[in-house]
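Can you read through this structure? Questions will come right after.
In order of appearance the chains are A, B, C and D, and numbering begins at 1 in each one.
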Amino acid sequence: MSTFGKLFRVTTYGESHCKSVGCIVDGVPPGMSLTEADIQPQLTRRRPGQSKLSTPRDEKDRVEIQSGTEFGKTLGTPIAMMIKNEDQRPHDYSDMDKFPRPSHADFTYSEKYGIKASSGGGRASARETIGRVASGAIAEKFLAQNSNVEIVAFVTQIGEIKMNRDSFDPEFQHLLNTITREKVDSMGPIRCPDASVAGLMVKEIEKYRGNKDSIGGVVTCVVRNLPTGLGEPCFDKLEAMLAHAMLSIPASKGFEIGSGFQGVSVPGSKHNDPFYFEKETNRLRTKTNNSGGVQGGISNGENIYFSVPFKSVATISQEQKTATYDGEEGILAAKGRHDPAVTPRAIPIVEAMTALVLADALLIQKARDFSRSVVH
Amino acid sequence: MSTFGKLFRVTTYGESHCKSVGCIVDGVPPGMSLTEADIQPQLTRRRPGQSKLSTPRDEKDRVEIQSGTEFGKTLGTPIAMMIKNEDQRPHDYSDMDKFPRPSHADFTYSEKYGIKASSGGGRASARETIGRVASGAIAEKFLAQNSNVEIVAFVTQIGEIKMNRDSFDPEFQHLLNTITREKVDSMGPIRCPDASVAGLMVKEIEKYRGNKDSIGGVVTCVVRNLPTGLGEPCFDKLEAMLAHAMLSIPASKGFEIGSGFQGVSVPGSKHNDPFYFEKETNRLRTKTNNSGGVQGGISNGENIYFSVPFKSVATISQEQKTATYDGEEGILAAKGRHDPAVTPRAIPIVEAMTALVLADALLIQKARDFSRSVVH
Amino acid sequence: MSTFGKLFRVTTYGESHCKSVGCIVDGVPPGMSLTEADIQPQLTRRRPGQSKLSTPRDEKDRVEIQSGTEFGKTLGTPIAMMIKNEDQRPHDYSDMDKFPRPSHADFTYSEKYGIKASSGGGRASARETIGRVASGAIAEKFLAQNSNVEIVAFVTQIGEIKMNRDSFDPEFQHLLNTITREKVDSMGPIRCPDASVAGLMVKEIEKYRGNKDSIGGVVTCVVRNLPTGLGEPCFDKLEAMLAHAMLSIPASKGFEIGSGFQGVSVPGSKHNDPFYFEKETNRLRTKTNNSGGVQGGISNGENIYFSVPFKSVATISQEQKTATYDGEEGILAAKGRHDPAVTPRAIPIVEAMTALVLADALLIQKARDFSRSVVH
Amino acid sequence: MSTFGKLFRVTTYGESHCKSVGCIVDGVPPGMSLTEADIQPQLTRRRPGQSKLSTPRDEKDRVEIQSGTEFGKTLGTPIAMMIKNEDQRPHDYSDMDKFPRPSHADFTYSEKYGIKASSGGGRASARETIGRVASGAIAEKFLAQNSNVEIVAFVTQIGEIKMNRDSFDPEFQHLLNTITREKVDSMGPIRCPDASVAGLMVKEIEKYRGNKDSIGGVVTCVVRNLPTGLGEPCFDKLEAMLAHAMLSIPASKGFEIGSGFQGVSVPGSKHNDPFYFEKETNRLRTKTNNSGGVQGGISNGENIYFSVPFKSVATISQEQKTATYDGEEGILAAKGRHDPAVTPRAIPIVEAMTALVLADALLIQKARDFSRSVVH
């Protein structure tokens, strides 16, 4: 369905060719200052061709708050947001529409809904993610005001080109402690914070662009300053909710938290994160963080970090031998110019979905905290 | 929370030292033949020390259906199942209990619930999964009767020892087409279907056992004969629900579907799954299946397959330098013998959670199917 | 929260002074013809001062579909609808705002959200119901196409003036069998189908208008042609969902189905609805319908009918002795003209909420129907 | 479905002839003292033939906690409870089973599930309510520890015999302020606190018993000491959740809160509850309470009170002319002795469902409270 979350809950709508896309966010704390200026920056980062947080000159994808605020403060009531579509006409059916695009959602939407609509597949397209990003910006503001929670996503792989994301490497852990959105955006549209690798990634993308082909990548995300105790055993573990959120993003094919797939070959004696007492903060910390900030499905106060692979874009202008809906063999070549690598644009979407999961988990845990404080 | 699913919904209960563990399964189809004999085999596969489906001589972990059936048929009402615990006494607090076990849930449960209970951590333990396996067996029977859906999980990695799980390799795809539970169990407790690798895996485990250490692994799972159209855009994509389910299993640290992390470095021209018409079945198929059976969050009728990494067991009898709850440094060494590798025992749990996701998605899609059949 | 329903699910937004009000409807069947013309009539019926279905000349409260349709057909994706607010400015704080209006939501919203906003209380106002009516119109169209389901609500009481709604009276049962929206609207804005009573009701209202006072009333609603089997034991019985829906309407104070409160003094021997076989339809019917179309929480194929009391409007221009938020005694007299009786305007809201409950229950039951058809 | 609640959530199971009935309660506060002794009294009050809280000598319907506590304290994990059934054998099909009992759930269960099971209808029977009562007792303990919340239900009508429940009468409001369970139970099994009426009620019941007939009644319930702010606009208003809960109880046919149906004929000037400042408690109170403790769907700190009508028992031993499932006319007369009036036994069920609604609403509101405290 198009609703996500229990107490902090977003419902999105919209596809490529309808009048607008947007969302309703329910459960936003009352009394929080909120205007479009809080939301627009992440929407702008999501736009094709945008790179810097600081220069949103592009007037497109402008968010308009419809409800839920008054004099710049939230009321506690649902916040509806709307972003107009530029191209509101469903396109004419062309020859190309006879073909379900390979590895795109055309075929499965047709199977599910019995409809081959120009807008139908659009719900599976990147434009659907606008409502996520808009609502995530609100969740982020709440989290930041609660305990200065910081969420930073960045590109760690494009095709074969990887930067270090070895959870057992102190340098990577240091980067997780220090990386900022400013640093990520300072690298330009590639959004990889490792300057030595970022250039190679750009070249990798250009290679595939030249071939009318596409290439995938990996986004890594870190969350800092999250309180302990978030996540609900046993089915709604924090990492389960994060995985749910990440796999709901178009083109994502996986999720790993902490040491992830790499960690399975590291023995417990090395993988375990031993405790120590940190005097400055007067609390138990772990010396390493191979767990990725969760144990038993509950946040432990260390950095949460995880990675998400995004497959190569399905729509390419190279010719593909495939079949029509009717089963006839033929050659499909998508018209127009297509972005060969969308991974960098997934950054604000990953951040938004992360914020939505955490805001909801925080509200739920605060109800639990309260309940244990009154009983005996 | 302890409830999973919308129309086919399971709620579980129980920890290590309480009277029983079990579950309530709501939304089971009425009129389906069902007795304990349908459920016990997977519970028996889940038991420590068990290997073969065919010899459930062990009388432990016996399931008792409490409600929802009459004369061996389901009534459509909730099916409660109970499995008695053998050790029902909360253990005495010992010296070891001063320490939260590194990378275990002791510390986070304490933070969340304010309780250091012997049973508290038990909700994070493997015993919690019994209710999942019992309910999954019912979901499986429904899926099998619907369209002969087959779900088979197997071990593809232990520590550094991997068998082939390259989605671009036709041999691996052939294995996905043909692997059975019988084949998996025929390899003994290691549950790796590649005989050449299985032996090495056993040795790998023995090495860590000798060191009082532990090691992780990867489980891969395939689903065959699933209808098209399952999965609900945009937040409840089929892969999102599967990821949610898998990351809710204790000790799992990730999820990848289809080509997963590997696929990001394969260009779209090779990664895309082109269509062809299969005369025998009179439907569109894809020539390759790098997508893993889903496109746009909806099943496309091809095999669903995915992998899940399980970290090394946190409880080891090797000494660990760590801190007590009170922040004092000390040495913790778990008493008793501990299983150095639980990955093979995760097999029936992965299968069960998969079945729960699919049964729910199937019911929801059938409501959608109906709705489109009556409107115009 | 602002979301209602499981498979057919509406989320609403908006208060009195924000930019717009509206909703997102998820789970609408794909392939259904749908334009604004399907939705506007009920919105127009909801408007103050409107009476007839046939003359929607008023250009206010115009609905705009934002998404989910193409070429006049639904896509299966969420349908967002927006209705602009005319007065988008939060009003200036006046002397009157020092007082929480007695029996209005001002005080409780202030307690819940910590905010005394002009728009805050607006979420509790009638304007919030626009999104309900818009989404209900879609649900109604689906139900009508499924099995010609008809939903008709009408006024059966204003103040002391009642028309016959005795479930044991065959005349009332006949009215339930035959009443139409056209008949209801033909009586003018009072919407009471009994001509002899309607005139008295109008006079009753005028009496209170003259006194700067207000008066309540009762709405009765009937549903015809609903299939059997709808409703989910045990917590989501059909009547429980209907009661939930009705008590969520502003100013409603109750709900009764079938014989309701009256029925408790009628012995079982008379209250029970005996069965007979109806040859024309080849099915079991009941001779009487004191149950109101449900037994054990499940629809039995007879007419569903129920009544909902609406209290007297809280905002009156008569002076009221009360206290300010700060606890000072004082006199409050609401400015402006106020509608002395809103019960007739509740008609399309009651119909809409009924349709939302039934559309959701129908989808769920069709999933159950399917499930029992494949198992053995 | 068989699950109720969002954060404080109960799932029930069981019918008349299965092994046991029971429930799983999720979201119980950790660290609360809890044993079977907290739960048994309400279960005993629910038993047929029981009257007094103080003499639970009957050893039947004994609850056993299965999980979620240790050393008499809750762990925060799910609490499973089981109550064994005495008659675990599905009964043999008899001649009587050819008939769906009029106004019972036999026919609708058959339509919904396609099954005519002896236990099937049992899910619609009173035995299903055991799990509700058991879980409600836990909710009550939490509410009592939070703010001394008191929930007292009592019989206000049997057949034509009514006690005063006029919300505009100060005597009735005084009774709501002072009534206790001890007082209710002191009147014997009739559970009507008005001694002058209670005797007539008993006679009324005996009259119908003599006729092999049955009679209905009304239960009124009051909640004292509930905090302000509970209830979630707009669909999950507190009264909407209460109505949902009450209409989910078998045989209930309605709900009214505050002045209810009676109030519609009282003008706003009299119906409105004006505010005053109460020095002792330092808060705004209302002089009257015609609203029944809620305004705009949110608790205002006054007593919550509502009434629920229960229809005459459907199963009577008088002969009834009806039809078989196959449509043949015939005479049905239920065998055995049947309780002519179950309304008094509904008391603990009404209290339990009330507690479940309030515990959930309290947890949710505390999350909201928290959220507004951290933002600016």
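Just so we're on the same page, a residue touches a chain if its C-beta (ideal position, glycine included) is under 8 Å from a C-beta of that chain, and two chains touch if they have at least 3 such contacts.
The chain lineup, named per UniProt: A, B, C, D = Chorismate synthase ARO2.
Since the model is a prediction, treat every value here as computed from it, not as a measurement.
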For chain C and chain D, chains touching each: A, B
Interface with more contacting C-beta pairs, comparing B-D to B-C: B-D
Approximate Å spacing (C-alpha centroids) for the pair chain B, chain C: 45
Interchain centroid distance [CA atoms averaged], chain B/chain D, Å: 39
Multi-partner residues of chain D (at least 2 other chains): 1-3, 12, 27, 30-31, 76-77, 109, 112-114, 123, 233, 368, 372
Complex contact set, residues of chain B against chain A: 1-4, 12, 99-100, 102-105, 107-109, 111-114, 121, 123-124, 128, 157-160, 208, 211, 213-218, 228-229, 231-237, 239-248, 250, 253-261, 263-269, 271-277, 284, 286, 290-292, 294-301, 309-316, 318, 320-323, 325, 327-329, 343, 365, 368, 372
Parts of chain A lying in touch with chain C, wherever the complex brings them together: 1-3, 9, 11-15, 17-22, 24, 26-27, 30-31, 64-71, 73, 75-80, 82, 90, 109, 112-115, 117-120, 123
Parts of chain A lying in touch with chain D, wherever the complex brings them together: 6-7, 27, 29-33, 74, 76-77, 141-142, 145-146, 233, 363-364, 366-372, 374-376
